[in-house]
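Labels for the chains are A, B, C and D, by order of writing; each one numbers its residues from 1.
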Amino acid sequence: MSDPKIEGYVFKPGFKGMAQDTGSDQTMFKGVHWGKAMMWIFLLSDTFIFSCFLISYMKGRGSTLVEWPNPSEVFALDAFGVPVPLLLIAIMTFVLITSSGTMALAVKYGYEKNRKMCGWLILATAIGGLTFVGMQAFEWSKLIHEGVRPWENPFGAKQFGSFFFMITGFHGTHVSIGVIFLFIYAYKTFAGHYDERKRGWFTTMKGDYVEIEILGLYWHFVDLVWVFIFAFFYLW
Amino acid sequence: MHPGIIFFLVIFGSVLFHIFTPWYWTDVASNWGGMDDTITLTFWVGGGVFVAVCLFMVYCVFKFSYKEDRKAEYKPEDKKLEKILTWATTLGVIALLAPGLVIWNQFVTVPKNALQIDVMAWQWGWQYRLPGEDGKLGTTQITNINDNNPFGINLDDPYGKDDVLIQSDVINLENNQPVKILLRSVDVLHNWYVPQFRAKMDAVPGIVTYYWFEPNKTGKYEVLCAEYCGVGHYGMRGGVIVQDNQDYENWMQKQETFSDLVAKQEALEAEKTKLAKK
Amino acid sequence: MEETKKQEQTTTHKIGIYLWIWGLLFVLSFFSYMVDWYQFQGLLRWSLILLFMFLKAGLIMAFFMHLFWERYALVNVLLWPMTAIACFIFLMVSEFKYTVFTRLFYFVVGGA
Amino acid sequence: MSEDFKDNKTIQAQSSETISGGGSGVSPDIDHVRPAEVEEQDLYHGHSFITKWIFCQDAKVIGVQYFLLATFTGIIGLILSWLMRLQLGFPGAASFMTAEHYYQFVTMHGMIMVVYFLTALFLGGFGNYLIPLMVGARDMVFPYLNMVSFWMFFIAVGVLLASFFVPGGPTGAGWTLYPPQTILEGTPGSGMGILLMCLSLILFVAGFTMGGLNYLITVLQARTRGMTLMRMPLTVWGIFTATVLAMLAFPALLVGALMMSLDKILGTSFFMPTILKAGEVLEYGGGSPILFQHLFWFFGHPEVYIVALPAFGIISDLISVHSRKNIFGYRMMVWAIVGIGGLSFFVWAHHMYVSGMNPWFGFFFATTTLIIAVPTAMKVYNWILTLWRGNIRMNTVMLWCLGFIVTFVNGGITGIFLGNVTVDVPLSDTYFVIAHFHMVMGIAPLMVIMGAVYHWFPLVAGRFLDEKLGKWHFWATFLGAYSIYFPMHYLGFIGVPRRYFEMYDSPYVASATGMNEFISLAAFLVGAAQFILIFNIIKTLKTGKPAGSNPWKACSLEWLTPTVPPEHGNWGDRLPVVHRWAYDYSVPGAKEDFITQTTPPSEVVNTGVEKT
C-alpha cells in the first residue's frame, strides 16, 4: 500500500513523515478510514486486556509452591495409541493460521473489488474459526472429563485450571464473536453491499470494502493473541 | 469585599493554623526520627511553594483586575522563564527525593542483630511469637493451626520447638533493641501500626512481610490495624510495652515456649484418658 | 467519510507476499512445536519459544495487518504503549520471585 | 430510514463548494488552507421525541445525558458522604448507623465519586459536548456507538444502585476492593454486593470503551480544515489524553474485576491464598492478594489522571478566556499533559509502599512519582503566569479557577509527601491520605466542573447563570471544602488511621474530637451549598439573561456556531476553517481584545499577532 494521494499534501517518509502527519491538520493517520483507526485503537486496548491476563498468569504461576502441571503431558492426545504431546493444540494453531491466511487474501481481493473471491475467502475464514472453536470445546470437555476444574485439578496447582479456562475462554469468546461477524460480512459481501455502498444496519456510514480490512485486523489480532497463548501457556 | 482579600486570608489562616495547631505528631519513640525529618523537609519546601504560589496569585488578582482600558500582555511563550522554572523545580524535587531514598534504604535493610518477632493477625486480633534460645523462628503453615498449635508451627521443624508464644494482643519489647517484625495473616490484609514508631507494613495472607525499628522510649503504646480488614477493623487494637533490659528479662522468663505448651497439652490429654479409664 | 478518490489509488500487494508469509508462519509454528517435541529445557527452550513467538507475531502484524506499509504515525501510536506493558511484566517478574521467596523461606525451609 | 439522510444531501452539496477557495472573496494566498481530506459526515437526524432526546445520536445531547446521570449519581455519593460524616463527627447520632452500613457508605461513596461521577462527567459529559465543537466536527465519528455508550453507562449505574437492594447490601470492601476480605464473610456485601459491583464496573468499562474510541478518533481523524493538534484548545488535549489513559488503564480493572468475580462465583484462587476463617481452612490456596493490588493500581493511578487531566485542560481555557490573555506556554502545557499521561503508567505502586510488595520497588516508584511532580508544577506556574499581566474578570468562573489553583496546589504538594516513599510510611492509611486525595482529585476537579458549568452554560442553554447565586455557591463551597480538608491533614499527622468507624477510645485521638465535629459541620454545609447550583440552573433556564453568541468573547470554535445553542450538525452549511490557535487574546493592534480561530490572517495583517 503506497501512500494515499491527498490534494495539497506531499508525503515525507519515515520519522519525518511522522512529525509531518502529527503536525498536520484534519487527520493524524493520513488516508486511514475512521473505522480502521477505531479498530486499531480498540485492539490496542484489547492488547492491554490480554497482557493483564497473561501477566496475572505469570505472577500466579510463578508464585505458587505447588507444582505446575506439565502442559506437554496434560494436553497430549492419543493418536493410534501413542500419546502425542500437544497434538490438538498444534492442529488448532494450524487451523487458526490457515484462517488468518485466507482472511489476509480476502482483504486483498476486497480491495480489488473481486466480490466472489472475497466472499468465498471470508466464508473459508469463518469455517476455519468455527473449527477452532469446536476443537477448543473438545479440548475443554476432555480436560473437564479428566477432572480439571477452574477451582482445582488433579495434576497440581489450583491456578492451572483457573488460568487455563479463563484465558482460553476469553480468547475463545473473541474467536466466536469474530466468527459471527465473518458470517455476517460474508453475507454482506455476496449481497454486494460494499459495491453499492449500502449503509450498515446500525451506522450511518456507507458500506465500503475497507470494512473487510477492519474485520481482518480483528481476526489477525485473535490469531496474534493465540501465538502468545500458545507460547506461554502450552510451551512454557 | 475584593475576592483577593478572602484568598489572602485563607492562605494567612492556613499558616496561622499550622503555627498554633494543637494537633501534631506524637513524639517519636523509635529510630525513625529520620522519617520525621523528611516530612519536615518536605513540609517546609512544599509549604513554601504553596504559600509563594498562592500569594503570587493573590497579587495578580489585585494588580490585574479587569479594567476597561487595560490591555493584557500578549506573549505566547517565554522560553527562558520556562527553562528556569523547570530546572528549579527539578532541583527541588531531587532535594526532596534523595533523603527519602536514603532512609528507605535503611528501612529495607534490617540490621543483623535485630530480634525477629512473628506477628500473626486474624479477623480481628493479634498474637506474637519470639524465637527461643536458638534465636530462630520455626516455619509455619496456616493448615497446621489448631487448638494445640495456635501458631501453626511445623512440628518437624527443630527451630520451632523453643519458640516463645505470646497468646495476647500485647507484646513487650526491649528498649534500644532493634526488632524485625515479620507479619503474617491467616485471613485478610491487616497492618501492625504503632503511630509512635512511625513505621508500618501490611500483613498479607500467603506471604510474610517485614519491617524493622528500634524502640527508644520506654512506655505503653497502642497498636492499631491500619489496613481495612472488614467490619471489625476499627476495633482491632493491640499493645506494645517497651521496657528496660531487666524488666524485659523478667517478663520473658514468665512466657511459655512451644514445647512447654505441647507438654502441657499432652499432660492434659493423659489426665483425661486416665479419668476416662477410671 | 473516506474519500472515494482513494479507492482507485490503493494499490494492493501481489498475492505472492501473502503466500510467503503464510508459509513462514506454518514453518515457525512447526519449529515452536518441535521445541516441545524434543523437550528442550532451560534457557534454550525459553529463548527458542520467545524467538519463534516474536517472529510469528511480527510477521502477522507487519504483513497480515499491514503495519509494515502503514505510516509511522500509526505504527508509533500502537507500539509505544507497549513500554507500559513491558514495565509491568518486568516488575511482576521480580514480584513473583519475591513472593515465592518469602513463601519458601517462611513456610517451608526456615532456619533464619 | 433513507429519508432521514435527505437533509444531508443539501449540506454536502454546499460544503463541497467550500473545499476549494479559502472562504473570503479575496482569497489571498496567506489565507489558503488545504482542502478537505474526507467527505462530509452523514448524520442521522432524529425526528421523533425518542430519537431526538432519549436514544439520541447527537453528541451534545449525549453529553448532557451523561452530565445529568453523573450528577444524579454524584448526589447519591454526596448523601453517602453526609452519612459518613454524621457518624464520624457525632457517633451514635443516627441509630441505623452500624459499622456494616458505615463501611458500605464509604465504599459506595468512593466508587461513585471516582468512577461514576468524575470520570463519566469529565469524559462522557464535557468530552461529548465539547470535543466535536472544539475541533470543528459535525458530531462524534460514530454517533450510534456513542449513544450505546451512554446507555451502557445507564445500565452500569442501574446495576450499581441495584446493589443497595440486594440481600447483604452493597459491598463494603472499600473502593479499592482488596481481596481476600472483599469476598469473605466479615465484610459487608461480600455476596451479591461485590458481584454487582464487579458487573457494574465491567459494564462501565465496556460502555466507556465505546465512548472513548469516539473521542479519540474524533480528535485524531475528524478535525476541521486548519485545525492542527497544536491549535486545539487545552480542554481537548486534556480530555483526549485522559481518554487514551482510560483506554489503556481500564483493561487492568476489567481483568481484576473479572478474576475477582470468578474467585467469588467459581471458587478459583487467583487472589486467594490458603485462608483460615472461623477455625476452618477454606477451599482456596496459592493465590496472590498483591496481584490484585497491582492490577487495581495499574488502573487506579492512571484513573487519577483520567480525572485530573481534563480538569487541567478545562481550567487552562477558563483562566485564559477570563484573564483576556493567552495561556502562558501553550506548548509546555501540551507536553506536560502528554508527559503526565505517559508517566502515569509507571508510578502505580506508589499506592502500595506499605502493601508488602517487593520492598525494592520503593526506589523505582518513588523516583518515577517525583518525576511527575515536575510537569505538574510547570502547569501550575503557567496558570498563575497566565493571570500575571492579564486583565482579570473577577466573575464567578474566575473565582472557581482561583479556588482550583489554591486547592490543587495544596493537594499537589501533599502528593509529594505521599509519593516520596519514606515520607509515605508514617502517613499512609491515615487521614492525611484522605485529605490529600480529596483536595487534589475531589475538590480541585469539582472546582473545575463548577467553573466549566458557569462558563459553558450560556452555550448549552443560551442564558447566563445568576452571578450572585454563583458567588454564594462558590464561597460556601470553597471555604467549606478548604476547612474540611486542610485541618484533616493534621489528623493524619497525629496518626489517626483511615476507615475507622469510631476511634475515640485511643488516647491520642481524643484531642481530635472537636475537629471531627467541626469537619462534619463544614461537610454538611458544603453539600447543601451544591443545591444552590441546581436552584440556579432551574431558575435561569427560563428567566436568565440571554447570552447571545460568544458572550465571553472567546476565541475557540465552540462559541462560533451559527446558532446558540448549536444545532445537530453544529456548523450549519459550512464547516469552519481554522487559521490560528485558540488563545489570541489582547493582540496588540487588533480591533478587539480577541481574534477568533476562524479569522483569516488577511484580516489581521496589521496586528502583532504571532503565527501559530
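Throughout what follows, a contact is a pair of C-beta atoms (placed from the backbone, for glycine too) under 8 Å apart; a residue touches a chain by one contact, two chains touch by 3 or more.
Predicted model only: the values in this text are computed from it and were never measured.
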{"item": "Comparison of B-D and A-C (more C-beta pairs in contact)", "value": "B-D"}
{"item": "Length of the line joining the C-alpha centres of subunit A and subunit B, rounded to whole Å", "value": "48"}
{"item": "Chain centre separation (subunit A, subunit C; CA means) in Å", "value": "13"}
{"item": "Length of the line joining the C-alpha centres of subunit A and subunit D, rounded to whole Å", "value": "33"}
{"item": "Junction residues of subunit A, two or more chains touched", "value": "6, 22, 28-32, 34, 37, 44, 48, 51-52, 59, 63-65, 205-206"}
{"item": "Residues of subunit B touching at least two other chains", "value": "206-207, 209"}
{"item": "For subunit D, residues contacting two or more additional chains", "value": "37-38, 41-42, 248, 286-288, 290-291, 294, 298, 360"}
{"item": "Touching pairs - complete list by chain label", "value": "A-C, A-D, B-C, B-D, C-D"}
{"item": "Subunit D-touching residues of subunit B, taken from the complex the two chains share", "value": "2-3, 6-7, 10-11, 14, 17, 21-26, 32, 34-36, 38-39, 42-43, 46-47, 49-50, 53-54, 56-57, 60-61, 64-67, 70-78, 81-82, 85-86, 89-90, 93, 96-97, 99-101, 103-105, 107-108, 122-123, 142-143, 145, 183, 186-189, 191, 193, 195-196, 198-207, 209, 222, 224-234, 237"}
{"item": "Residues of subunit D defined as touching subunit A within the complex", "value": "1, 5, 33-38, 41-44, 141-145, 209, 212-213, 216-217, 220-231, 247-252, 254-256, 258-259, 262, 266-270, 283-288, 291, 294-295, 298, 578"}
{"item": "Subunit C residues touching subunit B - in the complex, by the definition given at the top", "value": "99, 102-103, 105-112"}
{"item": "Subunit B - residues contacting subunit C, complex", "value": "116, 136-141, 154, 157, 159-160, 182, 184, 206-209"}
{"item": "Residues of subunit C touching subunit D in the complex", "value": "1-4, 81, 84, 87-88, 91-92, 94-99"}
